[in-house]
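Pasting the structures here.
Next come two complexes built around chain A: one with chain B, the other with chain C.
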Partner chain A sequence: MTGSQDNKTRQSRVAQQRARLFFGMREEGARGALIAFVATAVFVIVIVALIGTSSTWPAIQQQFLNPEDFASSWPKVVSGFWLNIRMFLIAEVLILVISLVLAMVRALRGPAFFPLRATVIGFIDVVRGVPIILLILLLGFGVPALQIRGLTNSALFWGLTAIILSYSAYTAEVYRSGIDSVHESQRMAARSVGLTQIQALRHVIVPQAIRNVIPALLNGAISLQKDVALVFVLGIREALREAQIYTSLTFNYTSYIAATVLFLAVSIPLARFTDWYTDRDRRRRQGATA
Partner chain B sequence: MKLVVEKARKIYDGKLVLDDIDLVVAPHEVVCLIGASGSGKSTLLKAVNLHVELDGGHIFLDGDDITRPGVNANQVRTRMGIVFQAFNLFPHMRVLDNVTLGPRRAGGVDREVAETNAIRLLERFGLADKATEYPDRLSGGQQQRVAIIRALAMEPTLLLLDEITSALDPVLVGEVLNVLRELKTGGMTMLLATHEMGFARDTADRVVFLHEGKRWEDGPPSQLFTSPQRPETQDFLRRVTEAGRL
Partner chain C sequence: MTKKLTALIVLALAVAACGSATDDTTPGGDSCAKEDLTLVTEGTLTIATGEPAFPPYVVDDDPTNKQGFEAAVAYAVAGELGFTDDEVAWIRTGFDDAIVAGPKDFDFNLQQYSITDDRDEVVDFSVPYYTTNQALIAYSDSPVVSASTLGDLKGLNLGAQIGTTSLAYIEDVIQPDTAAAVFDTNVDAKSALDAKQVDGIITDLPTAYYITAVEIPEASIVGVFEVSEDQADNFGLLMREGSPLKACVDEALKSLRAAGTLDALADEWMSQAGAIKTITP
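Moving on, here comes the complex of A and B:
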């Protein structure tokens, strides 16, 4: 075999391995692939048989899986879903920034920073202690009712603010675990070349911490992508609300399936990406220590 | 830089780690701290670098009490360098950025000037070709030399070295010790905790034996290694000799 052919086979083997890792499968050879195929086929047949023999299946089909209703609800649900995407993107950026600031303040040491630390801890405790939907209702209906001059009365604004606050509190804890995972000696080394606490955090601790928590942050993004739909309780016409409106007009639930499809279309690729990234990162680290 | 330690006392969990230690390091002097693990060598170095707060006593740098309340620890730390056993390089930065971080952020030096100085230091210690590498691509000896250069980049007049060869493969120890010998020739004041008795004997101006947090015996290496006065010192040196380290 010539060198270039050899190289090609190796490349294709690496590609196969990557694909397998992408779906969470280990190297098991042809026998493993056969077992996986048979097991999957049996599993699918059993599920289909169970559902198909259910006495209410035809009615369910009519209520939830009606192609005509799917088609007629689709445009409204899609237009609502664009709002979900926009809310998600705006919220995600703000959450990543706000929570990092919270985590950094919490990581500051010394009595001088006590008031700042206490404020952040108090904020995180309170916000994490309230169900997110309750926070959305409180801010979304409460703040506009106060009629404070200079503040917007937009339910969308306040609903999204509630989500951003809640997620920032949780994400701050993710960053904190990352900061704690960086060895104390790094802080000491940074301080001993004369860096201040904040400089040590910014240039030495946080860059390493972020790398350690990227998988957890991606997980949070998947969660957020779905949770922005919660502002539907304020009557905001995002995908879920649009689906609900369709249902209340037609007594057909297929619009919910349409919304489900849209959410999955975003969250499944995100989940696959997260797994791929986590796996790649782990292999890199193992490579680095080997 | 003259370093004076006066009645330094440190208590950890009820245990006296530093027991009223007095120590003077004269300008351009190289002083080796020797003693068993737990004798207080490392704690003393960290106290001088203000990473450990004393429970009693004072430390003076050129007559300036750096242990007084309200002292600017950052400002004090820029006057001395410290190197650790575990290198503690910043793994997410290239060698050059490791070296220039302190001068740029704490010293307010421009990037260009800091990099020129860093490359000059790297060249001096034979590491110029590693400037753009990440620390995990370097051998232990190279990493520790970079850590020394990182400390030198702050242009300290006192260098603290905490068992900097203890984590190294024996064949790599020499290249690190050679750096210290060169620094001594250049007149650097150094205080180091070490288990390298050979180095202490041929390079140190004075050797200080610490025992149970006390300065037990102190003298020029010619005297301390050949005719130690106290039984604990004799016992320590006998055990070191048996372990083949002297």
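Moving on, here comes the complex of A and C:
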């Protein structure tokens, strides 16, 4: 009886703790929660009062929060955002694969692999060292202008390619840090049981490395979700561009708010998920070592 | 008692005097005297244009040389308002920055702002100083070259610069099957034309002249669109919403129009040489 009650209280305490951790609060107890609540309430009241009494508030409402403009720009912004989502999903999958391959090649040892390693390092240095927008313009307008037979001149294809290359270079470095974080003894143990270098990487090092960098990869995904919008410079009508078109025709900025809402609708859940995952992983490891 | 009465009479007279004083400053010729104008900087007419400004509107990116259509119009308006060339100061603004609601650091801004109702709600426009049509630009091997009606354009990929009436014209009038590609600048639109990502781009006619003459000589103006009066692109001087200058600037433009100055400047800078086919609805 008492045992199961104890169990229940422990479970509820764990749940509370998780909820608190979810919002970034640590073990502050009831007093901490009260302070946080009062502070938040005061903060919100002050901000609302400042905004509400500001003489420019009606103008802000008219320019940024106009329900009519929100409704009339919404369908186009949403249809643009659907393109953002598709670009994001395609790019994310390709980035995760390409960058892993790059990182693995970079992790290969021995003089025989030097040319491969040098190529990958060169690629990462160059691509990572260039502003992503430059890469988009270079590939998006530049390559098709060459009119090479057999190559598509699709702006969407080349724009997305630029983003995938840039993010692959960054993500390869994320993987590399994961690979470096796996203890050297793992590699030696794998080699000593007869695995080749590549087998050791694939079956022993990389699975551990990936687990170590999942939070960083999720962080990259949040960033990518917003950055795919950059292809708009090539004339592609994704959400940001659709919002901008509306603004340019009406001089009203509510369409930007519509786009903001859509981007946040994806990125905030992703961010919460990342926090939750990171936290769960940390606790799991602590449990494993205890 | 008498004192009070006298005070009252004095007060009444003062109020009446104030009333008639304000009456004097509403429209009418003499209120537009130079010294009566409300300016950003006293004694100086502050005019804004784009960064960079380019021909045929401003030559050599230097409006003070009075070369180029908009530079010339600006000085003509300034002269009409009674300013000498020395009393004109130029500043630069982005195209979009200048149309955000709020105070402005210029008296008027000209960089081919098309007058639209929506924009008019946030800023003030003068009467038009130029009226233009839309034009279609393409390479000679583009499928748009053979187009003679709007229907011929429906299945093609068109592009335009954001915020222009050219884009509005594609969206509202041509309504192509594939949504138009939309670019930040005409430079990007030209890149896309170069990359064959679009079959043709639409700009206003003066810009089209410039693009085909200077920037992409290999491309040409395929045709102009018969734009109805209300769809025509009217360039206006942009002022802040409720600008006290508007009445006087309008006055100045009207007398320049009546004197034939605006037409002469348009002929000089926006030459309409050559016959171009008209694309009919």
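Brief remarks on what is shown
Keep this in mind: the second predicted complex is superposed on the first by the 279 of 290 C-alpha atoms of A that agree within 3 Å, B and C clash if a C-alpha of one lies under 4 Å from a C-alpha of the other, contacts with A are read in each partner's own complex, and residues count from 1 in each chain.
By definition in this document, a residue touches a chain if its C-beta (ideal position, glycine included) is under 8 Å from a C-beta of that chain, and two chains touch if they have at least 3 such contacts.
Not measured: the values here are computed from a predicted model.
More residues of chain A are touched by C (comparison of chain B with chain C). By the touch criterion defined above, A:95 lies against neither chain B nor chain C after alignment on the C-alpha atoms of chain A. When both complexes are overlaid on chain A, the residue A:207 reaches chain B alone and has no touch with chain C. Within the superposed three-chain model, A:194 lies in touch with chain B and out of touch with chain C [touch as defined at top].
Using the contact criterion defined above for the overlaid structures, shared-chain residue A:237 touches chain C, although it does not reach chain B.
Once the two complexes are overlaid on the shared chain, A:141 sits against chain C while remaining clear of chain B. Of the two partner chains placed around the shared chain by superposition, chain B is the only one that A:186 touches, whereas chain C remains out of contact.
Contact with neither chain B nor chain C is seen for A:262 once the two complexes are overlaid on the shared chain. Of all the residues in chain C, the ones that touch chain A in their complex are 96, 99-102, 116, 118-119, 121-123, 159, 162-163, 167-168, 179, 181-184, 188-189, 191-192, 194-198. Listing the residues of chain B that touch chain A in their complex gives 49, 51, 73-75, 77-78, 81-82, 84, 86, 88-92, 101-102, 105-107, 136, 150-151, 153-154. Across the interface of their complex, chain B is touched by residues 185-186, 188-196, 199, 203-204, 207-208, 211, 288 of chain A.
Chain A contributes residues 59, 63, 137, 140-145, 147, 153-155, 233-237, 241, 244-245, 248-252 to its touches with chain C in the complex.
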